[in-house]
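Two complexes follow with chain A in common, the first pairing it with chain B and the second with chain C.
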Partner chain A sequence: MALTEVNRPLELPVSPLANRRGLRAGQRRTGILLLLPAIAVFAVVILYPFLKALGLSLFRYTIEMTAPEFIGLGNFRTIATSGEVWNAFLVTAIYVLFTTVGTLVLGLGWALILNQPFRGRAVLRSFSLLPWVLPSTVSAFIWGWIFNARFGVLNAILLELGLIDYPQAWLSTPQGAMLAVVLTKIWLSIPLFMAFFLAGLQNLDREQVDAARIDGAGNWAVLRDHVLPHLRPVLIVVVVIGVIGNLQQFDTIFALTGGGPVRATTVLSIEVYKQAFEQWDIGFASAIGVLWVATLIAPAFFYLRMLVKGA
Partner chain B sequence: MFDLSSRSAKVVFGLCLAGIGFFLFAPLYWLAISAFKGNAELYRVVPTPVPLHPTLTHFVTALTTGKLPMYLTNSLITSGCSAALNTLLALYAGYSFAKYRYFGRQPVMLFMLSAQMFPFGLLLISLYPLMSNLGLLDTRPGLILSYIVFALPVSTYMLYSYFSQVPDELIDAARADGANDFRIFHTIVIPISIPPIVTVFLYSFMWSWNDLLYSMTLIVTDTKRTIGPGLLLTYLNEVNSDWGGAMAASLLASAPVVIAFMFLQRYFIQGVTAGAVK
Partner chain C sequence: MAKLELHDIRKTFGEVDVLKGISLTVEDGEFAAFVGPSGCGKSTLLRLICGLDEITSGQMAIDGEIVNDVPASRRGLAMVFQSYALYPHMTVADNMGYALRLAGTPKPEIRQRVENAARILRIDPYLDRKPRQLSGGQRQRVAIGRAIVREPRIFLFDEPLSNLDAALRVDMRIEIARMKERLGTTMVYVTHDQIEAMTLADKIVVMNAGRVEQVGSPLELYNRPANRFVAGFIGSPRMNFLAVSGVTPEGQMVVPGGRIGLARRIPGTAAEAGVRPEHLRLDRPGTEGSLSGRVVMTEHLGSDTYAYVQLDGSEQPILVRLSGERLVRREEPVGVVVDPETVHIFGSDANTLLSAQSTAREAA
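Then we have the complex of A and B:
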């Protein structure tokens, strides 16, 4: 099937017709015409809001004001001295670090397991993708119920195992709430990471692995010397996509903890939302958003470079 | 790939399989069985691993007395329309990027793709006043249009990488026969591109179906609300938390995407991982 063959785009063969000047200009016009609808919508719902937010970060603009008032870098000065915003950056860093590393390890592990032939593997693969397609509110419900202080199954299991002496109010403590939002995100991202790793494992050179085995390489040596080096490009893709996604995560955190207790799980997305739609301080929210984009530039740059290479 | 003939290898493999498998599937199992437990059984300090008295009460309540059917319908309308619009836009744009050469093609494409790094939350800050000025705040068309944000860049790229593999000879042959470009695209290219088109549709449908943030912010009227905020407001609000209802409603709300996904997952995975894995 054509979809699976990844070829470089072919250069248009020079047919006698294509050489005619008028036809080529006509095709150029057709190409642009086909692109126009997407570009128009893109400009309205993505580009304009983006530029507008960049601009608004230089203004004082709250809901009570009739027009924005230019204050230069005033918002950024406020941010520099605001412990709350710094805290949001710190919380985001912790959240992104733990979710990305956690998903990477478990996603890779699960892909390696599902790459081994065993009975029921196909079914297991299909069902493994489920967490990924569930609505984010549903994921939050599932984990909220598991972590429930009074009737949660987590407390029941830990009590049974003797790991805790009395039920914990997980979502009411800073560490417990962070644990819950991190686990939820890891859980729902494992399928995507697994899919990428499985796709990468498909074109691993088996003969090379077999040859290494004949030379006496054990499982660990095969993993370290062949499988992981082979997966390096996929690994980079997955980390970049993971970091971009985790930096943006809003839904499950908002539904599970609302950013609390106090500000323990208030990541940047929650902070921006609260400033914009609870405080209605649009200028300040935009300024935080601009710094947020700045944190995304590095991973996005790698992502684009990869795509360009891939295309 | 790994040699599992030795005893220790078997044990390590089995432990990893059980461990990660438990983490992935136990929460799903817990969701499924909690939905079938009555309140008496649900609210016990020591939970029962299987429902002792399975009941459909929560499903019946969710479907008859709650607003769930309304939220589901709203989600179906907005996600369906948005996915259709998104697929249509990405279809023409992806084909244009793949099969035409014109000034600025590559920079425009890269720019569109780089939009992935614009956080949805940041865009929402100015989407909100924009929709308000356009008179689209608290309307379905406004939400449908805003949902384009989620998937358009990636959808365009997915279709671009598919169309790049459609042989140029196919198009040139039709051109030599005198067919114009629009006809070639609609009668020759689209019919052989159904799997990636369905993938892109499902991809964008999933994003909107799963959304909480945009719907919560851009929709105020309860009768237009979608399932994301709808579920949250109905089942876990300040005054009460109805976990049994939440679990049953969760199952019902997940069903459409899960069913569609089960049928189409092969294409779906190929589409999403395309380009990233060589």
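Then we have the complex of A and C:
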């Protein structure tokens, strides 16, 4: 065959099975179609209430009023000068920091342990999911009992060990109450974090670790140079999910301390609740809610971007 | 550089006996190839040698010191895995320098040693890449480079070339042969591939079902296999086995298609006769002393032609190697000429009663 003939484009009919607008066009259209119901639901249950709250944050609207009164950024000005709201932000930051770091370290440690081969591993793995399946108010109740001043397990153990001389009223001190709500949340989140880590650990190539050991790596070097880098993507996802979840936490704190003593555990979610359903100041509550959502947007944005990139 | 001694090594996983008493010595600077069918315990043995798994019983010594309880990280060995097992998140240079870094070698020295090894293996252009940005052959070189850089006491290889295509395999085989010349380090090399074992090894260890069947130089194993298993395993294409149904008063073995003379008296009763395809010849049917049969299939490989000949009274065809130009027709009746000197004879316990004479003499 002559060379010129080879270089000429094929003058043949296009297969009738071909997509007219390229290989992917059909898929894109189907994708959008499939998204429609989800978008509709999102608009009704999330977008509309959110926009409504966004609107309300610009109004003064308390229990005594028959109709909301537009005050522009008045609510936000009040927040800016309100020590209580700033305090709620600070408490939230502390709470999120300790719960996220605590869950991360303990969840990873627990996953590393459960990834070792030993007898009864499967049973222990199943039991580890217990906090996850318990209703969170039940969990709060359990922890409330643990920290109870008079009948609590914690006091009993510490007394037995001789670490304290008389029972402590944990939940009535600011630090004790914070410790209680943080520990409860950590305990609740460990199963989820651990499941993520365990899944990540299980697809770590065994031979990679073997090779590292032969190269002279001890346990610490294996963790630092191989396990953690391998878990990096999981780690990022888990941190973002953790931060989002901890920023939103409400039920266990409300059940355990109700935000007290005084305002020691009043995180944003509790603050909003109090403003809305105790002070009945819906406009002010909405304004705090808007700021709260603003803090959520940053981690949520990272998370979504990661999901999209990963897909 | 080190001498490796294994004494009655056993390994059980729960109920399963995987290694059933392995004893052997690999001398300092020796290249030992372990061959055997899939599942016979080669990888298991290698993992025991490098300390990744614990020996159930027996003793292992490196350079005259028992190392049973020395962890992998302190044995000073290097291993090349079949899967390469490169560190995916590290660059090629970091992969190769990892062991030195752990050992606290100064950075400039690490870099120099990595660069030297990379140059030898021709992977220096890729030092800054991640393993996933390399081709299979390049990854293989990195894995070998990672082992070389450490200057280990013993190199362990677990089927290092089995994931490469045929051409690359030949290249890497030559590469490893050169490496062996240059470094003179003790090497233990597990492979499925006969040619790798035959061409590279000073000593071949044939394993089967958790035991050592025979240890010897490549030619020893080819010429004087200790039993039917080794005879069938070493040599490619594999040896033909003919069932011996009796011995005539003149001392000839009765086999399918005719009789084979005995080169010497044998100490026992022959059960099977083994002849390699390269020691058989085709002639006209009815030729004096030949076995009669017909050609059922031929394969032309260019340099060689293989004829599958079905002997009269036998189901299983035997293989005859012919020169490349030789043309044979299917269904053609032929006489297969057997030189009694090239026949191995096996007893009913599958042990060798008589090894082929002529090939053994050639080798001597």
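In the analysis below, the second predicted complex is superposed on the first by the 270 of 311 C-alpha atoms of A that agree within 3 Å, B and C clash if a C-alpha of one lies under 4 Å from a C-alpha of the other, contacts with A are read in each partner's own complex, and residues count from 1 in each chain.
In the analysis below, a residue touches a chain if its C-beta (ideal position, glycine included) is under 8 Å from a C-beta of that chain, and two chains touch if they have at least 3 such contacts.
Given the structure is predicted, the values throughout are model-derived calculations rather than measurements.
Thinking of the overlay built on chain A, is A:73 touched by chain B (first), by chain C (second), by both, or by neither?
Touch partners of A:73: none, neither chain B nor chain C.
Using the touch definition from the top, say if A:37 reaches chain B (first), chain C (second), both or neither.
Touch partner of A:37: chain B, not chain C.
A:225 contacts which: chain B (first), chain C (second), both, neither?
second
Check whether chain B or chain C contacts more residues of chain A in the superposed model.
After superposing on chain A, more of chain A is contacted by B.
Once the structures are superposed on A, label A:213 by its partner contacts, choosing first (chain B), second (chain C), both or neither.
The answer is both, since A:213 touches chain B and chain C.
Should A:254 be classified as contacting the first partner (chain B), the second (chain C), both, or neither?
Only chain B; A:254 stays clear of chain C.
Once the structures are superposed on A, label A:150 by its partner contacts, choosing first (chain B), second (chain C), both or neither.
first
First (chain B), second (chain C), both or neither: which does A:126 touch?
First partner only.
Once chain A of both complexes is superposed, is A:205 in touch with chain B (first), chain C (second), both, or neither?
second
Could you tell me which stretches of chain A are touched by chain B in one complex and by chain C in the other?
Residues 213, 218 of chain A touch both chain B and chain C.
How about chain C: which of its residues touch chain A in the complex?
47, 50-52, 71-75, 77-79, 81, 83, 85-89, 98-99, 102-103, 146, 150
Where on chain A does chain C make contact in their complex?
205, 207-208, 210-218, 221, 225-226, 229-230, 232
Under the stated contact criterion, what part of chain B meets chain A in this complex?
Checking each residue of chain B against chain A gives 1-4, 9, 13, 16-17, 20-21, 23-25, 27-28, 30-31, 34, 42-47, 85, 88-90, 92-93, 95-102, 105, 108, 110, 112-130, 145-146, 148-149, 152-153, 156-157, 160-162, 164-169, 172, 175-176, 181-182, 185, 192, 195-196, 206, 209-213, 217, 227-229, 231-232, 235-236, 243, 246-247, 250, 253-254, 257-258, 261-262, 265, 267, 269-278.
Can you check the complex and tell me which residues of chain A touch chain B?
Per the stated touch rule, the residues are 1-10, 12-13, 15, 17-18, 27-28, 30-32, 34-35, 37-39, 41-42, 44-50, 52-53, 56, 106, 109-110, 112-113, 115-116, 124, 126-131, 133-138, 140-146, 148, 150-151, 153, 156, 167, 187, 190, 192, 195-196, 199-201, 204, 206, 209, 213, 218-219, 222-223, 227, 233-234, 237, 241, 244, 247-248, 250-251, 254-255, 268-269, 272-273, 276-277, 282, 285-286, 289-290, 292-293, 296-297, 299-300, 303-304, 306-308, 310-311.
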